[in-house]
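After this come two complexes, each holding chain A, first together with chain B and then together with chain C.
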Partner chain A sequence: MAEHIVTKKQYAYVFVILLVLTLGTTVAGNMDLGPFNVVVALVIAVIKASLVVLFFMHVYWSTKLTRLVAVSGIAWLGLLLWLTLTDMISRGWLGVPGK
Partner chain B sequence: MANHSLALRHQFEDVAQQKDASTLGMWIFLATEILFFGGMFCCYTVYRSSYPHAFGIASNHLEVLWGAVSTVVLICSSYFMACSVNSAATGYRKALVGFLVLTILLAVAFLVIEMSEWYLLYKEGLMPGVNFTYKGIDPGHVQLFFCMYFAMTGLHASHVTIGIVILIILAFRAYADVFTPAYYTPVEISGLYWHFVDLVWIFLFPLYYLIARHLQG
Partner chain C sequence: MITATVEARDNYLTHEYGVKSWLLTKDHKRIALLYLASITFFFFLGGIFATIIRLELLTPPGDLVSSQTYNKLFSLHGIIMVFLFLIPSIPATLGNFLVPMMLGCKDLAFPKLNLLSWYIFVVGGLFVLYAMLIGGVDTGWTFYVPLSTSYANTYVILTAVGVFITGFSSILTGLNFIVTVHRMRAPGLTWFRLPLFIWSTYATSVIQVLGTPVIAVTLLLVALERGFHLGIFDPALGGDPVLFQHLFWFYSHPAVYIMVLPAMGVVSELVSTYSRKKVFGYKFVAFASVAIAILGFLVWGHHMFVAGQSVYASMVFSMLSYLVAVPSAIKVFNWTATLYKGSISYDTPMLYAFGFIGLFTMGGLTGTFLASLGFDVHVTDTYFVVAHFHYIMVGGTMMAYLGGLHYWWPKISGRMYPEGWAKLSALVVFLGFNLTFFPQFIMGYLGMPRRYHAYPEEFQVYHVLSTAGASVLAVGYLIPAMYFIWSLRYGPIAPDNPWRATGLEWQTSSPPPPDNFEITPVVTHEAYDYSVVEEMTVG
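Let's look at the complex of A and B:
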């Protein structure tokens, strides 16, 4: 794989966006958006995390194998959350005697 | 060629392949770390969806300003780490050492802020198992929130501490001129670890400090 060196300027752009998003999430957190407070907070967190992974951690320029490992880590986390939450949400749906 | 053979282990075809292998290994470790923290995030999600009210009350005992400042400090630290990787790749030894020192200083600043917060929570009687005197609404589940808060920020803080040790070793090695544009893999993969630590905090900050800010009366 051809070596890719990310310049300080490119890092600086990402850095500034991250700072703006931190300010954004703090301001949005203090506004009353009802159930959307959590949604907005998580969407901003995911955008920030993606920026860090893609540019600071060089996944944008990395080999396919490295990308696969990164994505699989997130996919297993998704499985963990998905299966746990489906159990949590659906537990009360059926009347189980003695429960 | 002497310097080159020092950098390249004999099992690899070339320096690029060696670097790819190290990066891949680090990412496999980070995938396990995602699940290490993921278990706790999953636990948090379950309890927060079960007791949203108590978690909201408890969350408003945290200082959002300090949470935001910690976030900025860690992001700056991550940026300086990225600059260290750039300096190593382009062969600027002094800049590399300088950026590593800045990264370390901000990491220490982060820990100082976090430990001050912990101390204030301890004084307020909000540290479960040590000093917990909260007598307001739903104390059991407020205590649960703080158990999770200390467990997760504690695990994160231990990662920051390990990161500082790694960065100090790196800074000394960089000062000794070990790294060249042909061989700076330790800087690169330590950077990956450091950005991961930042990544965890990016989620901890909104989930602990911001969830119920708008409900504050």
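Let's look at the complex of A and C:
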């Protein structure tokens, strides 16, 4: 399959968006958003990572198989977090230390 | 068995000569042999540690080595056997040799990356060896915190870095296999015509690529906390020690399937060849490999039932753990069904396959015991667990590895091994293995804890039996090592297809030419179609 050529303009747009989001992280980092401190930081980080994967790493223009590989990696990270959280969240429900 | 006459043909062993031709080779077959030599070295090194452990345990008091030395011995035994022998064993040796040949192509998709994988493996191994020589490590192969981060006064970081590095070798090998299976199959070789060894190797590769980065990150976090006091696992610094176990077992439980899935692939090939029948329920066996690879990632919490994990999470992990038994049982039942009304021959590889089926079944069934919450609390950290995982890793993987090595040895070396000695060694290995590890089930159930170098006298009889068994097992492993080396020079010349098997690897010469096939093969039949071989033999 022929390689998709990304124009310099497209790269520049993505780069500018990444810079804006970095600025957003810095501004949010200096604000006290209470329980949303981590949420906001993570949301911005996920958007930035997605932009890098989709455009700088060309997944946006890749085959279905390549996209499946990328999604599998994220799904497996989700699996790790999800089943670990079943423990972290439910610890203490019984009121018995260590259970 | 078919015999052959001497006929000089260009092959991968004689195509080039000299150390440089080996160290800079991009031929998957030569790289497989580089791995074979490396992991054999590590196997015997790990075996030496096991021998000293068993000698120490002959008598109840800790009289041969100190408790500190004992801790280092079982740690290094585990680290070397798991990371430097079992994980690369079948994929990196038999897999490297066979995947391109079974697919009918010249090499793996990325030959240079394949060589790099071996160099990375060697560098990681040297780190572990260096750590061993300057003082060793005493955390166990599991590197549990807070022992590894706060209390151990041994070479934890150096060893962890070694394991970290070998992980990249594993990832690159897995990646290479996945791309090769997708892109380089011979004309006509559809997914459902693939040998089952390829299916299981493919499933293993998926685990390697998805799981190994997590152990790498985990060990890096251990090093960061130990070296820079970052608060990740230490509660005093705001961390969570149970989090380490989640991260560690997220990889290390699927790692068991990295060890045993390729072994299952080998056994599928052996059972089919030596019963002259198609594998019963081909698609079920193929998809069972994929199911094991996926379900294997959902069960890690069963290692943590008494580690402070919440009861609710434990219940979830317990139920999920039982699920893995389903695809594993599918395989065992289907191998057995394949044997039914088969024309069975009892050549050495088949003896190892029989050994695998029996021992893996025992290891698997005791695994379901351990998945049950109540029973697991009773036997956690006892010899019952030690016996269980040795039945899987040694009784399973090691038996299949030896069976596979015998089966493909004529193709690898171009020589036959002495069948009588080989059958004897298969029997000795089977008996020695059971004598070593079956008593461990009993003493574990009775309460003998693992990782103790001194123990109450009532357990001595089981330890004596176990040590006697280990001696027999050692003999069983030394015999093949000797006759394989002997056969390289004195073994009878092997024919191209001594077992009248069906895979593409048997359609080329023994040993194969550098590019595997003179002409790219075209596949027109399903896997394990013995009518084709009969026609060729008659023709």
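In the analysis below, the second predicted complex is superposed on the first by the 92 of 99 C-alpha atoms of A that agree within 3 Å, B and C clash if a C-alpha of one lies under 4 Å from a C-alpha of the other, contacts with A are read in each partner's own complex, and residues count from 1 in each chain.
Quick note on the criterion: a residue touches a chain if its C-beta (ideal position, glycine included) is under 8 Å from a C-beta of that chain, and two chains touch if they have at least 3 such contacts.
Only a predicted model underlies this, so the values are computations on that prediction, with no experimental measurement involved.
Participant: In the superposition on chain A, see if there is space for chain B and chain C together, and answer fit or clash.
Facilitator: Pair status: clash.
Participant: May I ask you to decide whether A:Leu33 touches chain B, chain C, both, or neither, giving the answer as first, second, both or neither?
Facilitator: So A:Leu33 only meets chain B here.
Participant: Based on the superposed arrangement, let me know which partner A:Thr84 touches: chain B (first), chain C (second), both, or neither?
Facilitator: A:Thr84: touches chain B and chain C.
Participant: Considering only touches as defined above, state whether A:Ala49 meets chain B (first), chain C (second), both or neither.
Facilitator: In the superposed model, A:Ala49 contacts chain B only, not chain C.
Participant: Who touches more of chain A, chain B or chain C?
Facilitator: The larger set of chain A residues in touch belongs to B.
Participant: Scan A:Leu94 for contacts with chain B and chain C and give back first, second, both or neither.
Facilitator: A:Leu94: touches chain C, not chain B.
Participant: State whether A:Ile5 touches chain B only (first), chain C only (second), both chains, or neither.
Facilitator: Only chain B; A:Ile5 stays clear of chain C.
Participant: Given the superposition on chain A, at which of 225-233, 333-341 or 351-359 does chain C overlap chain B?
Facilitator: With the two structures superposed, the offending stretch of chain C is 225-233.
Participant: Can you list the residues of chain A that meet both chain B and chain C?
Facilitator: Dual-contact residues (chain A): 65, 72-73, 76, 80, 84, 88.
Participant: Using the touch definition from the top, list the residues of chain A that touch chain B in their complex.
Facilitator: The touching residues are 1-3, 5-8, 11-12, 14-15, 18-19, 22, 25-26, 29-33, 37-38, 41-42, 44-45, 48-49, 52-53, 56-58, 62-63, 65-66, 69-70, 72-74, 76-77, 80-81, 84-85, 88.
Participant: In their complex, what parts of chain C are in touch with chain A?
Facilitator: Per the stated touch rule, the residues are 182, 210-211, 214, 240, 242-243, 246-247, 250, 297-298, 300-301, 304, 308-313, 316-317.
Participant: Considering only the defined contacts, which chain B positions touch chain A in the complex?
Facilitator: Touch residues, chain B against chain A: 16, 19-20, 23-24, 27-28, 30-32, 34-35, 38-39, 41-42, 45-46, 49-50, 64, 68, 71-72, 75-76, 78-79, 81-83, 85-86, 89-90, 188, 191-192, 195-196, 198-199, 202-203, 205-207, 209-211, 213-215.
Participant: Show which residues of chain A lie in contact with chain C when the two form their complex.
Facilitator: Going through chain A, the ones touching chain C are 65, 72-73, 76, 79-80, 83-84, 86-88, 90-94, 98-99.
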